[in-house]
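You will see two complexes here that share chain A, one where it goes with chain B and one where it goes with chain C.
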Partner chain A sequence: MSTTTTDGATADAAPAVPEVLRVTGLQTSYQFRGTPVPAVQEFSLSVRPGEIVGLVGESGSGKSTALKSILGMLRPPAEVVADEIVLDGRDLRGLSADEARRVRGGEMSMIFQDPINSFNPAWTIGSQFRRVLALHRPDLRRKEYDAEIIRLLRGVGIDGNGKLDSYPFQFSQGQLQRIMIAVACASKDLKVLLADEPTTSLDVTIEAQVLDLLRTLRAERGLAMVLVTHDLSVVAEMCDKVVVMYAGRIVEVADVFDLFERPQHPYTAQLLRAIPGFPHDGERLYAMRGAVPGLDAQIRGCRFADRCDAKLGSICDTQAPDLYPVGDQGARAACHRVVTDLPTPTVQETSR
Partner chain B sequence: MSTPAPDAATALVSVRDLKTHFPVGGGLLAKARGKQQIVHALDGVTVDIMPRETLAVIGESGSGKSTMGRSILRLEEPTSGSVSFRGKDVTSLSREDLRRQRQHMQMVFQNPYSSVNRRNRLVDIISEPLRVHGVGDAASRRARSVELLELVGLNPDFLHRYPHEVSGGQLQRVGIARALATGPEFLVADEPTASLDVSVRAQVMNLLKDLKEELGLTLMFISHDLAVVSYIADHVAVMYLGRIVEVGTRQQLESEPQHPYTRALFAAAPKPDPRQRKTEPVPLGEVPSAIDRPAGCHYRPRCPLAMDICEVEYPRLEQKAHGQQAACHAVPSAPLPAGATALPLTTA
Partner chain C sequence: MSTSIPTPPAVEPRDPGAATTPAPASVHRADEVGLLRRLASNKLSLISLIGVVFFLLLALVGPFFSPHDPAALGDDPMAAPSSTYWMGTDSVGRDVFSRFLHGSRVSILVGFVAVVFALVVGTALGMLAGMRSGKWRDSVIMRLMDVILAFPLLVLVPVITGIIGQRDLSLGPIPIGPEVLVAVAIGIVLVPVFARIARASVLAEMREDYVMAVRSFGGRSRDILLRNLLPNIAAPLVVQAAFGLAMAITVEAAVSFLGLGVQPPGASWGTLLADARQYVTLGAWWLVVFPSIAIALFVLVFNLLGDQLRDELDPRAKTAMKKRSGGSRRARRGAVAAATPERVEGEQR
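So, the complex of A and B:
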C-alpha cells in the first residue's frame, strides 16, 4: 500500500513529507437552549499528501462536526475556534468569504453520506456540474464544459453521454455517489478530499466499488483524504492512519495496523471486540456496558471511565488524561495507562 | 408449481410461491390502456421456517427481503401464493381473524424512533398490543409492561419516560418488548440493529438471542450485515431481485457458498482487519430495477459465470453439491439423497 504508512504518522513526529493539512486546537460548540455545548474539544489532525486518515467514532463523538469545522461549513450560532487550520501552507481562518469559497471545492472538497440530498432535485446533473466548473475551472471556456464533465464522469465509471440533462432521481444511489465524487474532484488544484461516511447508505457491492474508486483517485492524483466513518471495517480497508474520537475528544491516534493489532486506548480495544466476526464462532458477543456521556456532562476524570474494562482506579475518576505520546512513531492515546507503563489488557470478562 | 415438502408438516411458518407485486407510475390513462408498470418486489418465494429456528434473510436494497417479511405478516397484501402458520392458511384469513392471528406473529422494526408514537409514554407503547387485543384490564397490562421491561433489561422506572428521553438502543429494546407483549411464537425482525452504534448493537443482538432461547421463539431476521447474521442464524436465505437465489444452513453457506451472487456478496464485505484488504476485483454493476428485470437469470448481467442458457431461462432453485440449494445454471446440481435434510425449497 502507501509508503507513508509506516514511518512517523502524526503532527509531532518529524514528517519526511510536509503535511498538506494541519489542524491544531480545534474547538467547536453548538448552542443548546441558549448555552454553548462543546461538540469537539482539543482536536488536532495532520494529513500528508496521498495519505488516507480515518476519523472514527460512534454517533455524537464529534467526528462529522470536526470535518465540517475544518471546511468552514458551520455558521453561527455554532462557534469554531482553532489555533490553526493550515491547508498547503495557508491558514484558512484569515481568508475572505470569496477566497474561502474558492478553497472549498477548489483545493479542499467534501463528499457526503447521502448522495440524494446532496444534489438539488430540481436541477439537471449537467447544470449543477457546470456551476462547479464555472467557479473552480478558470482554465476552461464555457463551451468546453460539457466535454470536461463527460471526461470526469468517465473517470468515476459513468457514461455521461446524453445524461447531462437528466435529473438526480434518474440515477441510482451508487451512481449519484460517484457523480458527487466526480464533482468534488473537478478542480485541478484539489489537494484534500473530506469524506463524511461516503458509503454508509450504500449496499455492500456498491460500497466496494466506491471505496475502490477512492483508492484509485488517491493513486492517480496523490489526493489526501480524511475519511469519517463509524465502520471499523471500512477503516481497515482504506486508511493509513486512524484518529479515534469519543465524546468530542480524540482518544487515540495510530497507524492502522498498530490500531487493529495493539490498540492503546481501552475504548478502541472494546470497540474492536464488539464487532462480530464473520463467519462467527458462536461465542457470545462482547457488549460494552453503558452509553456515551452527553456533550454537556460535567466529567472531572476520563470520559470513558464508567465504561472502561481496564480502569486503573480513582485517578480515572478525578483526572482527565492528556493525549500522551505512545512510542516514537507519532502515535498517541488519552489514557493514564500509557504513562504508568501498564499494558492495555485484552478484555476477558464478557459483560452484557 | 411447488410440490408439498416433507417438512411442511412440522414447519411453524410455510411460505409457498409467495408473490407481492406493486403497480407503479402512470395515471388513470396508463391504467386504462393496460400500460401500468409492475414492481416485482417479491416474485415467487418458497421457504419453511422450523420451530425455534432463526432464518436470516440477506440481500441488498431492492432484493425484496423486507417485502418478504411484511408479506408473511400480511402487513403487505401478497399478490399470490400462500403463507401458513402451524398449518393454518394466513393468506385467506378475514380481517378480524387476521387481527387475532397477529397475537402469534409480531414484528420488530429497523428504526426505533419512527416505529413509535413520540407522544406516548413507554408504558403506553409497550402495552398497546395488549389493549388492541383486549388482553386484561389496565392494572394487569401495566404489570405486564413492567415484566416486559425487565425481560429486555430495562429498569421499570422507564415506564413513564417518553421516547426522546431514552437512547436509540434503549428504544429498540422497547420495540422488542412491544413485539413480545402478546406472547408471540414468531417474530420478524427487520434490520433491528442497522441504526445502532457498534457498542450498542452487540447488546441488542445478545438480547435477541437470549430471548429466542428463553421464550422458544422462531425468528425471521432480515439484515444486510453478514457478521450479525452469522451470529444469530440457523438457516440463511440470500435474495436477489425478489427471489431466493441460495438457501441452506449457515455453515453450508459460509463454508461453501455456491451461487456467484452469494460469493460476490461475501467477498465485497469489508473485513475489520487491515491485513485482509481486498486484492481481488470488486463485483461489477448494480442491482437492476425490479420493474425492468433482465430476461432469463436476473443476475446474468453481473455474473462472471454467465452462459448462453442464462439469457433465456431462469434457473431452478435446486440442491447443489454442498447440501444447500441454489438457483444457478453454472453450478452443477447434486442428486437429492433419500430423506434430504435441506430446506424443502422448490422452483421459484
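So, the complex of A and C:
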C-alpha cells in the first residue's frame, strides 16, 4: 500500500483525528397540506476520515432522507433545518446554490440502491461519465477524459476499453453499481461517500464484490463513508460505528462490536434477534410485531413503546427518552433502561 | 500500474470476456439504427413513409414542375382536365395544376412551421412548468395553456392572425409574409398540446433515480433539463408532432377556406377549395377533387405515421415486441401456458 499522503486514516485512528463530516440537529420535514410532517428529527452524525458509519433501521425510518438532507438533495416540499452540517470544516448550510452544487459529487457524493435506474438510459456510459468529469475535474483536458475514465473503471474492476459507447442496459447490475462507484469517486477532492443501500438490489456474490470495492476505496483513499442499509450482516462486515434509526429519530449510536454484543436499545436487540439463523428445535423465526409508526403519528412517550419487548412500564408511554450517553466511548441510546442500568433482556435470548 | 486503486482480485472474471464479444454491440446497433428500418419493414408505416416523402417532394420541388404560371389568367376558363391543363382551369382560366403545386408548398410549409413552432415553444413551456410543479410558474404557464385550449381552433387562429396581421412585420431584413403569420397563429393554438405532454413527461421523469443521481453528482439544472430529461421525453412529443402536422394542415385549410388565412393571390389547399365553392354545383368537379384528395391523403399519411411512431417509440411497446414478430410472441405465450401444468404436477409430487 502506497499511502504517502496524510496520516494512515484507518479505522483505529486516534479520536484526535477531526471528523470530516459533522451533522447536528438535523430536522427534515415535508410540507403536507400546509402542515409540516417531520421525517427526520434531531439527527446527528459524525464521521472521521477512513471511517465507515452504518445507518440502520427499518424501511421508513428516515435513513435515506437523512442522507439526502446532508447532501442537500431535497427540494420543496421538503424542508431541511440543521444546527450544523460541516464538511471538512465548512458549513454546507451557508453555501450558495452554485457552491453547494459543486460540493455534490466534488467533495461528497452518493451512490444509490438501484444502479440500473441511476443511469440515464438515453446516453452511453462514456458520455455520462465525461459529464461528471467536466464538472469535477478541471485538471483534465477534454482529450484526456476517456483515458481517465478507463483508468477509473479499471480501479473498480471493469475493463472500459471499447465499452464507453455502450448504453447502461448493456451492463449487468453489478457492473453498473461499480461504474456508479467509479463515477462517484471521480473527483480528486472526494472526502465522503454516502451509500444509500448500495447492495440491496444486488445478489449475494455481487454484493460481496461491491462491499469489497468500498473497503478498498476506504483503505486507498481514506474516504469516509456513510452506509445506509437494513442488512445487519453488511453492517457487521463493513462498519466501524453504527447509528440505529427508528421512526425518524436516532435510537442508538454505538461501536459496531458493542452494538452486536451489548445492544442498549430494545429496538436494536430486536433487530438483531430478527436476523434469521439456524433454528434449533423447530422454533419459529422471530418477527418484530407491529410496524413503524407513520410520520404524522402523535406519540407522547417512547416511539418504540408499543413494539418493545422490554418495556419498563408507564414511563415508556408518557415520557420520551433522551439520547442518553452509554459508557465513555461516545455511545448513546434513547431508552429509559439506560438510566436505570437494567440490561436489555431480549439480548440474552438472542444468543444462538 | 498507473492506477491509484488496484484492481480487486477475483472481480467477476466472466465479465470482460462476455462484454468484449461483439454480441452486445450488435444488439445496440439494432436498437439504434433500427427505427427507420423497422418502420420500413411494416407495411402500414412503409406506406406512410412513402406518403411523407411524396408530400415533402411535392412541397420542395413541386412548383418547379408547374407547366403554367399559377397566377396567369388564361383564355380558356372552366376547362375540364385535359392534356394541356391536367387539373383543368378555374373561373378566370388559371391552370389548376400549377396552382395546386404552388398551393401544396404553401400548405405543407405552413403545417411544418406551425408544428415546429408549437413543438419548440410548447416543449420549453411544458418542461419549465414540470420542473417546478406546483409553483406559481407552473400555475401561470398551465392556466395560460388552458385559456388557449378553451377557444375553438377555428375562432382563435383568425383572431390571432387578425391581431398580429394589422401591421407589416419583419424579422430583421426578412419580411414576415401572411403565410408565416398563419403558421405562427396555428402554432400558438397547438402549443398547449405539446406543453401538456412535455409537462406530464417531465413530472414522470423527474421521479426517476437517474435525475437524482445526476443532481447528486452536481449536475446543473440546465443539464438536467436539456441533456437528461429532453431525450427521455422526446418520444411522445415526436409522435404528437406527426399528429399535429395533420391537424395543422386541416386548420390551415379550414381557415383559408373561410377567407381568413392565406390571402387570395397566393394559393393553398384551403384557398383552392374556397375558390371552387361557387362552381361545384356547375359541374366543375376538378376544382374540388384534387385539393380535397391532397388534404385527406396528407392527414391520413401523418396520422398513420404518428400511430406507427408511437408503436415504435413507446418503450413499453418496445419491450413487448422485442422479438421480431407477433408469431414468436404467440409461440412464447403458448410455451408459458404449457409450462404451467407441469409446474402444478411438480408441486403435487
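Following the convention adopted for this analysis, the second predicted complex is superposed on the first by the 324 of 352 C-alpha atoms of A that agree within 3 Å, B and C clash if a C-alpha of one lies under 4 Å from a C-alpha of the other, contacts with A are read in each partner's own complex, and residues count from 1 in each chain.
Methods note: a residue touches a chain if its C-beta (ideal position, glycine included) is under 8 Å from a C-beta of that chain, and two chains touch if they have at least 3 such contacts.
Computed from a prediction, not measured in an experiment: that's the story for all the values here.
A.B. asks: Thinking of the overlay built on chain A, is A:275 touched by chain B (first), by chain C (second), by both, or by neither?
C.D. replies: First partner only.
A.B. asks: Quick one: classify A:244 as touching chain B (first), chain C (second), both or neither.
C.D. replies: Touch status of A:244: no partner.
A.B. asks: Have a look at where A:207 lands relative to chain B and chain C in the superposition and call it first, second, both or neither.
C.D. replies: Only chain B; A:207 stays clear of chain C.
A.B. asks: May I ask you to decide whether A:260 touches chain B, chain C, both, or neither, giving the answer as first, second, both or neither?
C.D. replies: first
A.B. asks: Once the structures are superposed on A, label A:236 by its partner contacts, choosing first (chain B), second (chain C), both or neither.
C.D. replies: first
A.B. asks: Touching A:58, do we find chain B (first), chain C (second), both, or neither?
C.D. replies: A:58 contacts chain B only, not chain C.
A.B. asks: If we overlay the two complexes on their shared chain A, which of chain B and chain C does A:225 touch? Say first, second, both or neither.
C.D. replies: Neither partner.
A.B. asks: Check the residue A:174 against both partner chains and state whether it touches chain B (first), chain C (second), both, or neither.
C.D. replies: Touch partners of A:174: chain B and chain C.
A.B. asks: Across the two complexes, what residues of chain A are contacted by chain B and by chain C?
C.D. replies: Shared contact residues on chain A (touching chain B in one complex, chain C in the other): 172, 174-175, 206, 209, 212.
A.B. asks: Residue numbers of chain A touching chain C in their complex, please.
C.D. replies: 71, 73, 101-106, 109-110, 112, 114, 117-123, 131-132, 135-136, 151, 154-159, 162-163, 166-167, 170-172, 174-175, 178, 180, 183-184, 206, 209, 212-213, 216-217, 220-221
A.B. asks: Using the touch rule from the top, collect the residues of chain B that touch chain A in their complex.
C.D. replies: Residues 60-61, 153, 167-169, 197-203, 205-206, 209, 224, 226-228, 230-231, 250, 254-255, 264-265, 268-278, 282-284, 286-287 of chain B touch chain A in their complex.
A.B. asks: For chain A, which residues are in contact with chain B within the complex?
C.D. replies: Going through chain A, the ones touching chain B are 1, 58-59, 172, 174-175, 203-209, 211-212, 230-234, 236-237, 239, 256-257, 260, 270-272, 274-280, 284-288, 291, 352.
A.B. asks: Applying the document's contact rule, which stretches of chain C touch chain A when the two form their complex?
C.D. replies: Touching chain A: residues 2-8, 11-12, 15-16, 19-20, 24-25, 27-28, 208-210, 212-220, 223, 227-228, 231-232 of chain C.
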